[in-house]
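In what follows, chain A forms one complex with chain B and a second complex with chain C.
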Partner chain A sequence: MNLDVVEQTARLSCIRLEGKLDSTGVDQVETRLTALLSKSGDAILDLTDVSFLSSLGVRLLITIAKLLDRRASKLVLVAAPQLVDGALKHSSLDEILPIVGAVEQAKAVLAT
Partner chain B sequence: MSRERQLRAEERAPRDGARALVRLELPNDLRALEDARARARAALSAANVEVRALDAVELILEELVGNAIRYGFDGETSVLRVAITPRASDLLVELVDAGRPFDPTGYPPPAKPKSIADATVGGRGIQMVRAVVSAMRYRRRGDENHLELVVPRR
Partner chain C sequence: MKRFLSLFRAAQPPAPPPRPVAGFDPCKTVADAAPPREQPKPKPYLALVRGLAGHDLVALTDAPLVLGRDATLDVHLADAGISRRHCRVRRSGARVLVEDLGSTNGTFVDGERVEGEVELPTGATLQLGDRRLRLERLTDEDVAARRSFAADLDRARRYVEALIPPPLDAGPVRTEWVYVPSSVLGGDALGHHALSDGRLALYVVDVCGHGVEPALHAASVLNAIRGESLPETDFGDPGQVLARLNTAFAMETHNDLVFTIWYGVLDAERGRVRFASAGHPPALALSADGSTLRRLGTKNPPIGSFPARAFAQDEADLGRGERLYVFSDGAYELEDRDGRERSLEDFERVLTAPHADRSPGEPQRLYEASLAATGASLLEDDFSLLLATLPA
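== the complex of A and B ==
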């Protein structure tokens, strides 16, 4: 699982993940991702290149969203239709987090 | 062989997966799970099984075999069996383990959260599996958990 910091300012972190967000993937990125998102305001997680999401991946996303929620910041997910119609819907994550199809759309959501 | 012993042997025999395309035996060690998922995916992909069904099989193995390995044994070494049989319109996935009894078909779904603040962090694996299968049947045979799942191909 790869993690790229696309953008990080005091107000926004945009991070792209690539690969399988399963038990192995979570082990690989959890510590770094949590540390990165503990620093600044809102966050965009770009999951466009995440091909597989397990319940442990969902657990990580909810943990991060709660971390941000506690400091009144927001998390927006960017994901491809396959992931939205599959794991994100099946885990009910689509009911509690904003999910859009592109990073620019995510920025627009955070600007409102 | 006594009748009682014969019956017990029949009950324990691996009747499951007799015509399976994929048959795997893996130790109850999470390090073996990723390889098992990859092997199952490769074999089913070579048999032209649809991507959506491949994803469902990977999810089943990650969630249910992973759960069995994590919570089913008290430090004892054991072997889990997986058999996957492609059929015309679905895949039959059979999972067998000798861990403590656990029936996922009776596992209650998590409450639907209204906000991120009241969402529970975990407990979504079985919910996610239920969403990708059309049937799930559990039986306890002897000292083994037998789980059959049907994955639609379309």
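== the complex of A and C ==
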């Protein structure tokens, strides 16, 4: 599982994940991801290149969403239709978090 | 595997150092008087990665070890991708060397195919088929600590197993189940119990995570359901049960643990099931003749993840002889031999296959079929499946 910081300012962190967000993937990125997003500002998590999201991956997303919510920041997910129709829909995260198809759309959501 | 376990058990923790005796100097403490403690010496071990409870270790002594599928070998690895005599590992002074024995699929060290005899460095991964072993240097204390951890995992597994009721082989609804914990013990649990009005509550729980903590959390959830100990809860109302569980098991007060669940109430007399699921795969209802398969699930977030909210539920009619399969995602989220991720649709195809054997024992056969599809000897997630069959 790869983690790339695409953009990080005081107002916004944009992070791209690539690979399988299963138990191994979560182990690899959880600490760094949480540390990166513990700073102020909103966050965009780009999951376009995440091919698999396990229940542990869902828990990680929930934890991050709550972390940001506690300091009144927002989290927007960017995901491919396959992930949205699968794990994100199963877990109802699509009802709780904004999910869009591209990073620019995510920025537009945060600007509103 | 026997070899791994027996060798592992053979490794005992070191004897405690001799108790020091204080001298006559009143300023001298017991610790001052103790002889300098000898540093424990690490010894080389092959550690099976994701083995049984992730703890299988084999000590490398002066005698070479032959690894392969043959049950009579030093290290027997039951895996279809492994040759009968696959490779040899031996010590040469402080070094450890590995040699392929003409295996069909090759031996790999950190991804590089072994040609001739090569060194296996400490920390390197040795791969045979789907099995991976890592060379580690461990003290006797390290080995004892791992054994203790493995024993804890095993106790947690047995505790969860003890909570699962025996199958119902008499009465209007018959049940069968299979519960096979993964190599690292997941957070699955399942059960059923009769409600006061005679209907049957059925449930499968999957706590996100691996290890002792999720397993014990799953046991707590199972106890709350089967003991009907949630406050002011109608256990015949699946949506209400999930809402109460969501309050009782909020992640903020449970070390960030969340779980998915399918909970249903089966009325065999009326041929009807009420159900609700939260972040969980749908149950599958298969008609008696195997021609119709329906998904029974509702859309709710995992339990404990978000506070007070209503949980959607639904109802469905079930025909005579209809079969209801309730399972965790470990039943189908598998990687097959070709590296392809299997899906719920693949699992549905297995259930509806024209010559599917639906005689007693089907849950165990479904587990074995999944195992065969992966080519591994253990799955990476728990495999839990509860089957309820209505009277024909």
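The rule we apply is simple: the second predicted complex is superposed on the first by the 112 of 112 C-alpha atoms of A that agree within 3 Å, B and C clash if a C-alpha of one lies under 4 Å from a C-alpha of the other, contacts with A are read in each partner's own complex, and residues count from 1 in each chain.
The rule is simple: a contact is a pair of C-beta atoms (placed from the backbone, for glycine too) under 8 Å apart; a residue touches a chain by one contact, two chains touch by 3 or more.
These numbers were taken from a predicted model, which means no experiment stands behind them.
The superposed arrangement places chain B and chain C in clashing positions on chain A. Of the two partner chains, neither chain B nor chain C is touched by A:M1. With both structures placed on the common chain, the touch criterion links A:S54 to chain B and to chain C. Once the two complexes are laid over each other on the shared chain, residue contacts for A:L110 go to neither chain B nor chain C. Chain A is touched at more residues by one of its partners, and among chain B and chain C that partner is B.
Once the two complexes are overlaid on the shared chain, A:L97 sits against chain B while remaining clear of chain C.
With both structures placed on the common chain, the touch criterion links A:A43 to neither chain B nor chain C. When the shared chain is aligned, chain B and chain C each come close enough to touch A:T63. Stretch 153-161 of chain C is the one among 63-71, 153-161, 225-233 or 315-323 that clashes with chain B after the shared chain A is superposed. Shared contact residues of chain A, touching chain B in one structure and chain C in the other: 23, 52, 54-55, 58-59, 62-63, 66, 89-92, 95-96. In the complex of the two chains, the chain C residues touching chain A come out as 184, 206, 208-210, 251, 256, 258, 260, 278-281, 299-302, 305-306, 329, 333, 341, 380-381. Those residues of chain A whose C-beta lies close enough to touch chain C in the complex are 23, 51-52, 54-56, 58-59, 62-63, 66, 89-93, 95-96.
By the touch rule above, chain A contacts chain B in their complex via residues 22-24, 52, 54-55, 58-59, 62-63, 65-66, 69, 75, 86-87, 89-92, 95-97. Of all residues in chain B, those touching chain A in their complex are 30, 33-34, 55, 58-59, 62-63, 66, 110, 112-117, 119-125, 127-128, 131-132.
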